[in-house]
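Read from first to last, the chains carry the letters A, B and C; within each, the first residue is number 1.
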Amino acid sequence: MIEARQQILASVRRALGRDRTPGDPSVIAQHIAAHGRGPQPRRSQGDHAALVERFIGMASEASATVESVASDAAVPAAVSDFLGRENLPARLVASPALRPLSWDERPLLDIRFGPPEDKDLVALTPSLAGIAETGTLMLVSGADTPSTLAFLPAVHVALLRKRDIVGAYEDGWERMRAAAAEGKPPRSVNFITGPSRTADIEQRLLLGAHGPRRLHIILIDG
Amino acid sequence: MRVALFVTCLVDFYRPSIGFAAIRLLEKHGCVVEVPPLQVCCGQPAYNAGDRADAKKIAAQVIAAFDGYEHVVVPSGSCGGMISQHYPDLFADEPAMAQRAQHLAKRTHELVSFLTDILHVERVDAEWPGTATYHDGCSGLRELGIKEQPRNLLRSVRGLELVEMRDTETCCGFGGTFCVKYPAISDHMVGDKVQAAAATGAELLLAGDLGCLLNIAGKMKRQGLPIEVRHVAEVLAGMTAEPAIGEPG
Amino acid sequence: MHATAHDFPANAKKALGDARLQGTLGVIEGNRQRRAATIARLPEWDQLREAAKAIKTHTLKNLDLYLERYEAAVTAAGGSVHWARTSAEANAIVTAICRAAGARRIAKGKSMIGEEMGLNEHLVAAGLEPIETDLGEYIIQLRGEPPSHIVMPALHLSAADIADTFRSHHRDLDPSRPLEADQALLDEARSKLRQAFLSAEVGITGANFLIAESGSSLIVTNEGNGDLSQSLPRVHIVLASLEKLVPTFEDAAVILRLLARSATAQEFTSYCTISTGPRRATDSAGPEQYHVVLLDNGRSAMLGTPFEDMLRCIRCAACLNHCPVYNAVGGHAYGWVYPGPMGAVLTPSLVGIEEAGHLPNASSFCGRCEEVCPMKIPLPKMMRHWRERQFSHGLGSPTPRWGVRLWAFFATRPRLYRLAAAAAAWALGRLGAKQGGFRRLPLAGGWTGTRDMPAPQGRSFHALYAERRR
């Protein structure tokens, strides 16, 4: 395999006219370090209130549902009420990161913290950020945030703080970089826009392919 | 204004009346038209067949024949596109010729867009009572940006009502030798174009390229559709006495 | 995948006469309209195209450096990069990884590189069980068919075809169950494939991008199958060709703004997942092993040639969707993995111009592909390059050499041409005057088989002009 590697790189260098003189690594180092952004769409700009409104509009357009609550304290009730409204059993699996919320206010809610199993119908996760330009959630994997929660169960309820809504994808990535050790990404970063879908049957849109068929976003003020 | 007419091989062979319509239009709007004799073809058939050597020979002839004219006018989007967009590329490896090609490219215009964009003609003095629909030839549209110009002039033709067909920008299937290399696919494409035209109820179909028009007219005739097919220059010049394309003489 | 591109004319003819295929191809128009509407909502579309082209050009110009940087980053993140010159090498690598992991069942996300490699046949021959999890790919896997479109692999099938397929393959289910509704089909596929995700030991995905800075792979899906395939099984294998590389996430973001809009008219795909290495020590989910198979298979040979621009392609399929030839014959007629205009340019580079010679010739050069391409790839120009190669090497071009050279002979001799043209115009004009055209013309059977040939007016322009001037 080392031979394959040498040959491929040699072939690339030859094609670039560089078999005699090697390329200059500082060229690519500079480009990378600059983290230069391309044209930023106008819709990814604006004051925070505008971005929040845009996030809600775009997420709804992508068939997610969105509700607002005043604070963390309101979350257990909101989750419980959501399950009731949707006629779903009062049972869910959640990211361990959400353990500190006041779940004892809703003792009838059967909540387990950890990665999902096949039988789990509803999952609850936090989000690192919300991207206004397309109403997209940004989730990161971690010790307390198994990534499979957002994919395996049929219903995904995602918590997002209003203050974590940003305009552009790059803004979200910057936040991840700032929070991560040595700016290195976690094992998995998921950008999620609405529930899962397919148009493989005669180009007709159907929601709920393999990922969740329902995405409900709870926006938290404050 | 002195202009030279690049007739095109199809107009020369098939339908000279288009050439004369072009001359009338240009003269009516203040031009003196000359037709350099040593012209045959723009070289596109050779170019698109991958025969670069012959394409260059033919192009060199065109460049020489049209030397010294401030404006060269072509009643075809496809030949106009060949000269103005592809000649410089043809001679990319020969700097001296490339410069001459570049010079000719800048001076060459398709007929209708020359009238509207250079001569600033806004209306023509012509009459054609009835409904017409316009097919956008691919080269004219995508290489030369010809879209609104023929429509603007057609709207000034007395009695003429312009209706748009669906998929007006979709290729008619001529494509030079494409129509004889892959005739079944070409036929499918022209069949769709003819259906689109028929669905408008128009009595007349127009375009700026004789290649497209021969293809579309041939299909219409085979299907027995009574739609007249003409080059847009014929209508704009008020020269529609001649039988339409494919009509008995 | 075995190529039948040399049979294009016969394949195309069959496709044109296939009423069911023609019906299914009709859905593409809706995609074109929705795409135009979505793009109209993004005023920065053209600027983004320019920026995307510049990013890819920069990356390709420094591809060796970015490849090395990428490899180092993958390794630092705990993953492994495996280099493969050919599909055969890549297949062997994937099989070895699966065997070493004691794997039997493999969950596959959609990967055109996997199709190029003919990976599934290879895995099956090695006694492994690959299961396609993208709904369209799953359906054609059951049917034993190749994809007919690079984004919508089952485009050529109707809902009834899909129902038939499920009935004949999902034998454990009640044969009288209703499968008329789309939802019923989806529910059935979902429950079958869920088992694949949960039981597979290996997940294989493609990559829309490889990010050099962090050693990450990025996939976009709508179904979530790629994400499940790469997070539930113990081993994750990424299949990617060299040119998938971009330097940073910011660079990927530019192109991402083009991809979904161009491919499916969506603002963004439901999922965009960036994976970096295997699970961390503290993660409670994720694969234990992360492997990237980096495939060359002709890409490095395209660098520094007139075909280099093709390496910018992001596989959005806009060119297919807007091509009148693709819309007439569908994807199978092209006879290999990549159909439509991008296939016409790329396929000869990968399987040889002798095999794929028809593809760059079966174009009227209408130019709509280049017009819609988000990466500004000059597709007709590269098809013409292939024709030049064929012409100069006498490689069985459909246009007879003698015809072209004969025309050129006359075209460069105006006086001789005048005589010949005047005579021919006169003869044909007289013969055709009564009808206005010909229903049959020798040597022009391709045309007159289905169209009349209009008759010339009978005198050439130059003859008439000379007369009128006297």
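Basically, a contact is a pair of C-beta atoms (placed from the backbone, for glycine too) under 8 Å apart; a residue touches a chain by one contact, two chains touch by 3 or more.
These numbers come from a predicted model, not from an experiment.
Ranked by number of C-beta pairs in contact, the top chain pair is A-C. Averaging C-alpha coordinates per chain and comparing to subunit B, the farthest chain turns out to be A. Inter-chain centre distance (subunit A to subunit C, centres taken as mean C-alpha positions): 29 Å.
Distance between chain centres (mean CA atoms), subunit A to subunit B: 53 Å.
One finds 33 Å separating the Cα centroids of subunit B and subunit C.
Across the assembly, subunit C contributes no residue that touches 2 or more other chains.
Residue positions of subunit B in touch with at least two other chains are not found.
Subunit C makes touch with subunit B in their complex at residues 9, 12-13, 16, 324-325, 328-329, 361-368, 370-371, 384, 386-392, 397-399, 401, 404-405, 407-408, 410-412, 414, 417, 421, 424-425, 429, 433-437, 439, 444, 446-447, 449-462, 464-465.
Interface residues of subunit B facing subunit C in the complex, by the touch rule stated above, are 7, 9, 11-17, 19-20, 35, 37-41, 43, 45-52, 54-55, 57-58, 61, 138-139, 142-143, 169-171, 173-191, 214-215, 217-219, 221-222, 242-243, 245-249. For subunit A in complex with subunit C, the touching residues are 1, 4-5, 7-9, 11-13, 15-18, 23-25, 27-28, 31-32, 35-43, 58, 61-62, 96, 114-115, 118, 134-136, 141-143, 146-148, 151-152, 168-170, 173, 184-204, 206, 208-212.
If you check the complex, the residues on subunit C that touch subunit A are 24, 27, 30-31, 42-44, 47-48, 51-52, 55, 58, 61-69, 77, 82-85, 89, 93, 133-136, 139, 152-155, 158-159, 162, 182-183, 185-186, 189-190, 193-194, 197-198, 212-214, 216, 222-225, 227-228, 231-232, 242, 247-251, 253-254, 256-257, 264, 267-280, 282-286, 294, 296, 300-305.
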